[in-house]
Amino acid sequence: MNERAAAEPQIVAEDLVKRFGSFVAVDHVNFRIGRGEIMGFLGPNGAGKSTIIRILCGLLRPNGGRALVAGIDVASDPEQVREHIGYMSQKFSLYRDLTVEENLKFFGGIYRVPRRELAERVRFAIDMAGLRGREKALVATLAGGWQQRLALGCAVLHRPPILFLDEPTSGVEPTSRRRFWDLIHALAADGVTVLVSTHYMDEAEYCHRVALINQGRIIATGSPEELRHTALGGELLLLECASLGPTLAMLPQAPGVLDCSVFGNALHVLVRDAARSLSELTTYLEQNGLRAIRIERIEPSLEDVFVQLIAADMAKRRAAA
Amino acid sequence: MNEPRRPIVEANGLTKRFDTVAAVDGLSFTVDRGEIFGLVGPDGAGKTTTMRMLAGVMAPDDGSIIIDGIDVVSDPEEGRQHISYMPQRFGLYEDLTVDENIRFYADLFEIPARARDQRAARLLAASGMTAFRSRLAGQLSGGMKQKLGLTCALVHTPRILLLDEPTTGVDPVSRRDFWRILYGLREDGVTILITTAYLDEAERCNRLALLHGGRVLYCDTPAALKQHMPGAIVAIASSAGREARAAIATLEGVSHALLVGDGVHAVVDDAGLRIPALRNALQRANVPFADIAVSEPSIEDVFVALLENEGDSQ
Amino acid sequence: MKLRRLKAIAVKEVLQIWRDPRSLMIALLLPFTQMFLFGYGVNLDLKHIPICTFDREGSQQSRDLFKHFQASPYFAIVENVRTYQEMVTAIDRGSCSAGIVVPPDFSERLNDAGTASVQAILDGTDDNTANIAWGYAAAVVGSYANDIQIAALDRQGRALQQIQPLSVQSRVWFNEDLVSRNFIVPGLVAVILALVGAQLTSLTIAREWERGTMELLVSTPVTSTEVMFGKLLPYLVLGWVDAAFCLAMAALWFAVPFRGTLFALFLTTTLFLALVLSIGYLISVLIRSQVGASQIALVVTLLPAMLLSGYVFPIDQMPVAVQNLTYLMYARYYVTIIKALFLKGADISELLTPILFLVIYAVAVVALAARAFRKRLT
């Protein structure tokens, strides 16, 4: 995916900065997203994801750095940018007291989709959302998943090459969510560049690449796989044991153990080398009168990765201050 | 852990209607003493409504709630003495400082001043908020607000905690701190009932109930839940995800193929049986793939599979 | 009821009031501006009523009569006309509110028959002014008539007392100068306290529901009465400050004479404050939106208090049906009390009836509010 980004960058940010008074919302952010890529901006509320997207949509003016969307500079030509993008907001921005068809026609008008094409695009959107036969239904009567797909349809009526999705799956069921992501992948395969912002860690799984954002900075970028394996700085083990408390207290002193925390009914242990620790730890615990019921290697979650990276970032900031 | 189950919260046939829609529809579950119990489900599943009924701030249309032997529906005031509730929406006073908020809630529960100050100091230190004591609650970050909410809920040492989506949108570090505090409470024997829309957070609970459409789909430990999953997940790592999916989707024994960022997750009936066939299909279609292996199902996988068995889908 | 919890609620409310500029503005600025505006703005006294004169005779007597009008502080002669037409035009134009006409045979009749009449033409579009102007004109003419009689008797060598054994002397009690301000300002204090009091408390419950803090509060063991009294206490203190300010302004700035006891004033004012604050609180309990509660509070207090409490418009001048309605108007009792305290120097024992009404009201509203407050979301 990185090759795509290098070859045909559709969205580029260079040293992007945005301040609100003394508060730095976006702190020297850099990224490149290529054609047909699905990029996820992952981070908690208030991290700066929405602010970055608003800058890219031409809704906010950056204080520093530069951003290019479809080759257009967002600071100098925000109106032009909007011709090339589609945007789907968290609350779906549909008119609940209008019908499916009316909403689509409305957005078609807003985006100035040429008359000849509008009928065909509306049909495409209805099919994509699976709403054939329900064109005259009021949006308020549709369940969450249907509204979500309809909102996506409204956002792509004018065939934008770039799509911004702001928390698109909040409040939507898992089955609908999967169906939605299928649609996104189909669009990406057709060459649409997609930028998604979300605070659901596991939503990252659906993206080609992910940027972890915290307090206005990107602290890591890469595919979910890359991040899981390289960013953690270790390997993760699951340890089920008889007495959680004492074991948790004991483990940090064990050889090769980097970190240890409770997770549900078991412990997650971060070690330098999983293969060695699997045997070493059982022995270590026995020597200290504690029993390990089960111990195995597990895949770290993106959240584990994020926490480690944030901790490292914080340490770096403190050192720099 | 085969200790005898000692229920401390029992909900039976809970029903609550808003206009004609039943937000909660015949919900039943039990929570054992000293466990962390999760009510898990997407938005609209009825989690918040259930929590409000448990806390006594909303009356059910039907059903019963027994908390520590008290019938909360007929005697909500008595119930309130035993529980501590943290609503989903930040319930503290934004125009009061951290200290003033804690003091207020301690006074509501008539905690003696010395005990209150000691406990407050300890709780604030545990969540790293000591430096923020004189800050107005409205000026705290999202994660800090949640930690403050928890601190106020804990200042009167409750035995039963009701937390409604306490970690939604919170940064991962605060989330981890939060769970560390919860695990510490569990060690002290506190029973915690927590709701979440993050299906992966469900794995942190002792037991959980999957909610959908106001009803309980399934109720057990995360491990048992995953074993209950019909079939298994096979993860195919490939850069050509769509082609891979196209190649295997119609094979025998494959009920689903889900596109993910780095490949495909296939839901099969028997992994050992089907993996060779999957491999062949991919090779025949000339689809490049880096790996193909059994993967542990996520709670979401289980959820979706169970939902399909129910025949519900949007 | 646990004192500790009540105190906690009160302390919290104080902190929130202190940090909320809007509450402070209502509490402090509003009474001040209202006292000023209405204290100076509403003035029922009429002085220097513009009149024109039509002297059809032009004699010594007619000129004497008009001199009396000139000397009176209640009239100001703006024009001397020569025809009825001019007079009508002047009144139509509005340059004068009345015209005094002396007939051409004035002095003749006076000297012959001993009686003569003077005509007053009044602008009836302002009924009030017309009535008052008529009264003043009659008084001025009466005073002239008196002077003539005395002069005539003098010429006859007889003293006045022998001819007129009876004299009617009118004396106005309690508001001797008939200064309308003395009559209006005390009532104004009542209206302001009613308005401000209800506004202050009308938001307190509604705001907590809207912000989501009430959901957490009701999940604790706190009781409805603890919440109510805990919240009302700080506003009562604010109310005392406001009342003290308004009353001081009435007595000191507007120089309305105060003849009652401070104790009686304090007691009755506290009672009234408790009532209006509870009314605002009740509104806040019933209406869970801040905007709605504030508007309802305004409607329920301002207009009824201004029109039906006896503040400016006397109750016994109203139609009987409306008079009966005013028994429901709680502000009426305090208006009665406060006017009595200021101008009559009344004792508590003389005010038992209105006090009793206030007590009944207060108890009823407080009880209603306590019951209406539900520790439930729906």
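Here the chain labels run A, B and C in written order, and each chain numbers its own residues starting at 1.
By our rule, contacts are C-beta pairs under 8 Å (C-beta built on N, C-alpha and C of every residue); 3 or more make two chains touch, one makes a residue touch a chain.
Source: prediction; values computed, not measured.
With respect to chain B, maximal separation of chain centres occurs for C (centres as means of Cα atoms). No other pair of chains shares as many C-beta contacts as A-B.
Chain geometry summary: the mean Cα position of chain B and that of chain C are 63 Å apart.
Note: centroid distance chain A to chain B, computed from Cα atoms, is 21 Å. Chain A and chain C have Cα centroids separated by 67 Å.
Those residues of chain A that touch chain B in the complex are listed here as 1, 38, 43-47, 143-146, 170-176, 178-179, 181-182, 185-186, 189, 199-202, 204-210, 214, 223-225, 244-245, 261-265, 298-299, 301, 303, 306-307, 310-311. By the touch criterion stated above, chain B contacts chain A in their complex at residues 1, 42-44, 141-143, 169-176, 179-180, 183, 187, 198-200, 203-206, 212, 221-223, 237, 239, 241-242, 258-262, 296, 298, 300, 303-304, 307-308, 313-314. By the touch rule above, chain B contacts chain C in their complex via residues 52, 55-59, 76-77, 80-81, 83, 85-87, 89-96, 100, 103-105, 107-110. By the touch criterion stated above, chain C contacts chain B in their complex at residues 2, 4-5, 7-8, 11-12, 15-16, 19-20, 211-213, 215-222, 375-378.
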